[in-house]
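Order as written gives the chain letters A, B, C, D and E; numbering starts at 1 within each chain.
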Amino acid sequence: MGEFSGFASVTRLIKFTHKYGAPKRFYLLAGRLVPWLAALTVILMLAGLYLGLYWAPPDYQQGDAYRIMFVHVPNAWMSMMAYMALAIFAAIGYIWNVRLADMLAKATAPLGASFTLTALVTGSLWGKPMWGTWWVWDARLTSELILFFLYVGYMALQASIDDPRRAAHASAILAIVGVVNIPIIHYSVYWWHTLHQPASLTLTNQPKIYMTMLVPLIVMSMAFMFFYLTMLLVRTRSEILVREQHTDWVRKLIKAGR
Amino acid sequence: MSGGLFYAMRAVFMRDLLVFWRRSTEVMTSLVFFVMVTTLFPLAVGPERHELMLIAPGVLWVAALLATTLSLNHLFASDYQDGSLEQLLMSPYPLSALVAAKIAAHWVLTGLPLALLSPLLAVQLALPTKAMGTLVLSLLLGTPILSLIGAVPAALTLGVRGGGVLVSLLVLPLYTPVLIFGAEAVAAAAGQGFASVAHLSLLGAFLALTLSFAPWASSAALRVSLD
Amino acid sequence: MSPRGLFSVRALSCARGDKTLFAGLSFQLNAGEALHVRGPNGLGKTTLLRALCGLSRPIRGDIRWRGERVSDLAEEFTAEVAYVGHLNGIQGELTVLENLQTAARVFVRGKERMADVETALARVGLVASADRPARHLSQGQKRRLALARLLILRRPLWILDEPFTALDAASVEGLSSIIGEHMSAGGLALIVSHQAFDLPGIRDFELARFCKART
Amino acid sequence: MSGGLFYAMRAVFMRDLLVFWRRSTEVMTSLVFFVMVTTLFPLAVGPERHELMLIAPGVLWVAALLATTLSLNHLFASDYQDGSLEQLLMSPYPLSALVAAKIAAHWVLTGLPLALLSPLLAVQLALPTKAMGTLVLSLLLGTPILSLIGAVPAALTLGVRGGGVLVSLLVLPLYTPVLIFGAEAVAAAAGQGFASVAHLSLLGAFLALTLSFAPWASSAALRVSLD
Amino acid sequence: MSPRGLFSVRALSCARGDKTLFAGLSFQLNAGEALHVRGPNGLGKTTLLRALCGLSRPIRGDIRWRGERVSDLAEEFTAEVAYVGHLNGIQGELTVLENLQTAARVFVRGKERMADVETALARVGLVASADRPARHLSQGQKRRLALARLLILRRPLWILDEPFTALDAASVEGLSSIIGEHMSAGGLALIVSHQAFDLPGIRDFELARFCKART
């Protein structure tokens, strides 16, 4: 009962934000935000790179190889956060039939996928000097790979349905089911083979991170976070234009030549 | 009333059994596919018993998983094409219940026989006898999960051309835990590790979970695909 | 139970893809009444019917059955509707008889009515082929089988999309009289058909009135 | 006249490419399936590099084989359902030629990309780098055979409900030789055996053979299943 | 080239499953003539048409085109026939235009006639939807697309199975006049239809005369 009224109030909230988060409104608002976010991203990125590549000293055992961490780790983190965002957007879009949320979800998917891919690539680039091989079936690596497949599946489904609403709802269901499974997948992979001999190599035995590594890492993470936000808004805006192309406010916009 | 529901579920269940049975090949083929994959491996990998034994649990489970994945297309597809699915949506009973019945029928015709046949193939792959029990048990617990989870992508890809392959793309990541737990359980029982009980109980828990959400999710998916 | 059904649609609008097909569509249907929905190809008739029986979600508008919102009634409503679309919804693997029996079991609530199956078969003239697999039926025979379901379901509201397709002259007659009986028993019917058929007391309903842009 | 034939063949080829392309996922998915099967194995067999290396050639080839088998359903099935196959039979040109064009399109969209992607997965399976060349080559020779042979059962099982699985059932025995030659070639190159040239040339010969009879056989099969 | 085609069928009998549908069926068709094949559902009309255009093999009987056995002519004959069956033979993924272009390339021998595509589209009133994927078409629009092929193929012998299904009144008119022109250009046509349509100079052909047992 209590939770039901909770649901009801959530519904009320969503409907409210929905009314004010109407595509047109969002489009204009986002249009104003994008430049600032973009600027912030660039600044953080440059700062992070400076700190990471010059300010931070070489590692006593890895030399400079470790610096790829400043790209790898933030991307790895973002890959997971992006999926949560994707699932939340999708759920809102499906349950409360909010079109804006659908678009946000659709816009998130490729971003998350690229974060994941970057984490995979940089990771294996790092793996070569560290472990002498591109790939090992370590738990973390494996779960990241599967996460990538989930993203690909989501996008494939989106792409293969052309009625936008149906595409949104179908892929939303997939994303939600995926969320139910992600923790299970995650832990299954972590328990995997741990009952007997430990997986050949793990990431856990690293030198504890020093300040000189931590600071650039945090800055870079912020940078990628803002990169995500920027791209999210940009992609959503274009998606809005595509979906609303027949509405007259978009027509006006196009006539205005912007 | 709920008696009526049960009655309808049974009707759907029986109907699917009958239909699949008439598609005489249907039942057998998914099985035969299982058999073939497991037989292809010795051919491809080479006959060294030791190697085989190492990979036996894995091969058996992957084969089971692929066989189920393939058969998923037949869960809803033909009903969708001939329009009987759109009729099912018009039934006076909660769709998820009827879908559950369909899934049950699917499992009885694919997962179950597969689990029962597995020991024969295990012998081919030189799996130690002591692991047989665990193999069958793990498949009995695991294959229903495969059918349940698989129902969701199967429903989502209806009417989507090229759905056949798309299903496998969507479903295989979700299958990972089942694969890992299952194969691990068998491997453990085969004496490459500790007790397999842990893995089996994990499978059981997972089955309970999927039982609770899969029918609901796939009926929602059906409504979307038929919109 | 003779349905005292009252089916009312107000300000309904539907879209396919990104194009709005019709908007502000309204009508009322009382017990024993029927509508013949008309309009050129591609106007949105099928879309309309699917929206009315809850298979697809309209953009807006409210559809009421016995005064209550269809969306609130959910299964309560579907339990009152019988829909025959472009597709026949026949299981090719099952025999004609089995097809109908399954329908009776799955779709007829409460104690089933197997008796109806026999009568329905006789009515659509498929008794002879009762035990043949449905996929061996000819186009028109398939259609008849699909229509036989109407007699079994005993639903007050019939929604039929091109029911006369592939039917020979005699069957067209037969079907119209079946619909006629349904109406005089207080049933409602919405029929889309390009083909002419005579059914006393059916109202024409030009969909075109509610579409601005034509495809 | 024969110019007209070539023209028609090109038209069929382009049409299929276009259709499959429009089914945007179609191309990718068969690939991703390949990727995932190769991923499933380490999950099931366990991460030990040594074990993996031993089974790598077998796994890669079995995966390629399964990916092709899956995609076979799409070779004729949808054309059959929507009746365009019926129309193709009414074309003024020898059917086998047009079928050959369809098969070519199928290969370009499934086998080819799969062969090109394979090295990436080989890395995952710890296949020695020196074997990469042979792997790609063997797949380039082998996958067209798979598409060609597969076309026959794909045509035969049209209209047979549940054909999907039946196809794989019929086709896998025919695939065995390809599988063995291919896997052996790679294994040999990986240094566990003799020179891989012998196997590759066998594959080549086999390809020539199938090229000669497969289109004819599958067009005959088409006529039968459309009767 | 105006076809002086003479199409003659003698002592034809066909079966489905184990049941003989009709036997000893014979007729002749000369340039500019058309037959309206009639008969109740399940009599064997579709079977007959499929046999005539070589899609299924009859039990016995000989079918001659310009005096030569069809079986001997093989592709020579199929190059003269245009068949539109219960199925539309449309590629849902391709746009309406692409569907027709492919048809032109694959089915029209020698130098193609892309010009026809435009006119055909206009003729069946699908110009507006030329660039939409065919699977988005409504039932009737799909049927029209299937029929547009007739105008592109330019084959002397048309074999049409229920061509009027799902067509609205206007399109039915249109199609009948198209067939009329085909005939006056010396073309032949075999039409199965339960639906009435007026086409001057078409002969009725009761299939029932050649069937002993009725289904």
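The definition used in the following text is that a contact is a pair of C-beta atoms (placed from the backbone, for glycine too) under 8 Å apart; a residue touches a chain by one contact, two chains touch by 3 or more.
Quick caveat, the model's predicted, so the values are computed rather than measured.
K.L.:
Using the contact definition stated above, find the chains touching both chain A and chain B.
P.N.:
Intersection of chain A and chain B contact lists gives C, D.
K.L.:
Supply the minimal count of touching-chain steps required to go from chain A to chain C.
P.N.:
1
K.L.:
Using only Cα atoms to place each chain's centre, name the chain farthest from chain B.
P.N.:
Most remote chain from chain B, centroid-wise, comes out as E.
K.L.:
Taking contacts as defined above, which has more of them, B-C or A-D?
P.N.:
Most contacts of the two pairs: B-C.
K.L.:
Looking at C-alpha means, what's the farthest chain from chain D?
P.N.:
C
K.L.:
Whole-Å distance, chain B centre to chain E centre, using C-alpha means?
P.N.:
Chain centres of chain B and chain E, defined by C-alpha means, are spaced 45 Å apart.
K.L.:
Report the inter-centroid distance (CA atoms only) between chain D and chain E in whole Å.
P.N.:
Spacing between the chain centres: roughly 37 Å.
K.L.:
In whole angstrom, how far does the Cα centroid of chain A sit from the Cα centroid of chain E?
P.N.:
Centre-to-centre distance between chain A and chain E: 56 Å.
K.L.:
Give me the residue numbers in chain C that touch at least two other chains, ranges are fine.
P.N.:
16-17, 86, 92-93
K.L.:
When you check chain B against every other chain, which residues touch at least two of them?
P.N.:
23, 81, 160-162, 166, 169, 172-173, 176, 180, 227
K.L.:
Pull out every residue in chain A that's touching 2 or more other chains.
P.N.:
Within chain A, residues 146, 149, 152, 156-157, 160, 162, 192-193 contact more than one other chain.
K.L.:
Which bits of chain D are touching chain E when the two form their complex?
P.N.:
Residue positions touching the partner: 1, 4, 7-8, 11-12, 15, 18-19, 22-23, 79, 82-84, 86-94, 98, 226-227.
K.L.:
Help me check something: in the complex, which residues belonging to chain A touch chain B?
P.N.:
My answer: residues 146, 149-150, 152-153, 156-157, 160-161, 165-166, 169-171, 173-174, 176-178, 180-181, 184-185, 188-189, 191-193, 195-196.
K.L.:
Touching residues of chain B toward chain A in the complex: what are they?
P.N.:
So the residues of chain B touching chain A come out as 149, 152-153, 156-157, 160-163, 166, 169-170, 172-174, 176-177, 180-181, 184, 188, 192-194, 198-199, 202, 206, 209, 213, 217, 220-221, 224-225, 227.
K.L.:
So in the complex, which bits of chain E are touching chain C?
P.N.:
Residues of chain E touching chain C: 16-17, 39-43, 46, 86, 128-129, 136-141, 144, 162, 165-172, 194-195, 215.
K.L.:
Taking the touch rule as given, give the residues of chain C at its contact with chain B in the complex, in rising order.
P.N.:
53-57, 75, 78-79, 81-83, 85-94, 98, 102-103, 105-107, 109-110, 112, 133, 149
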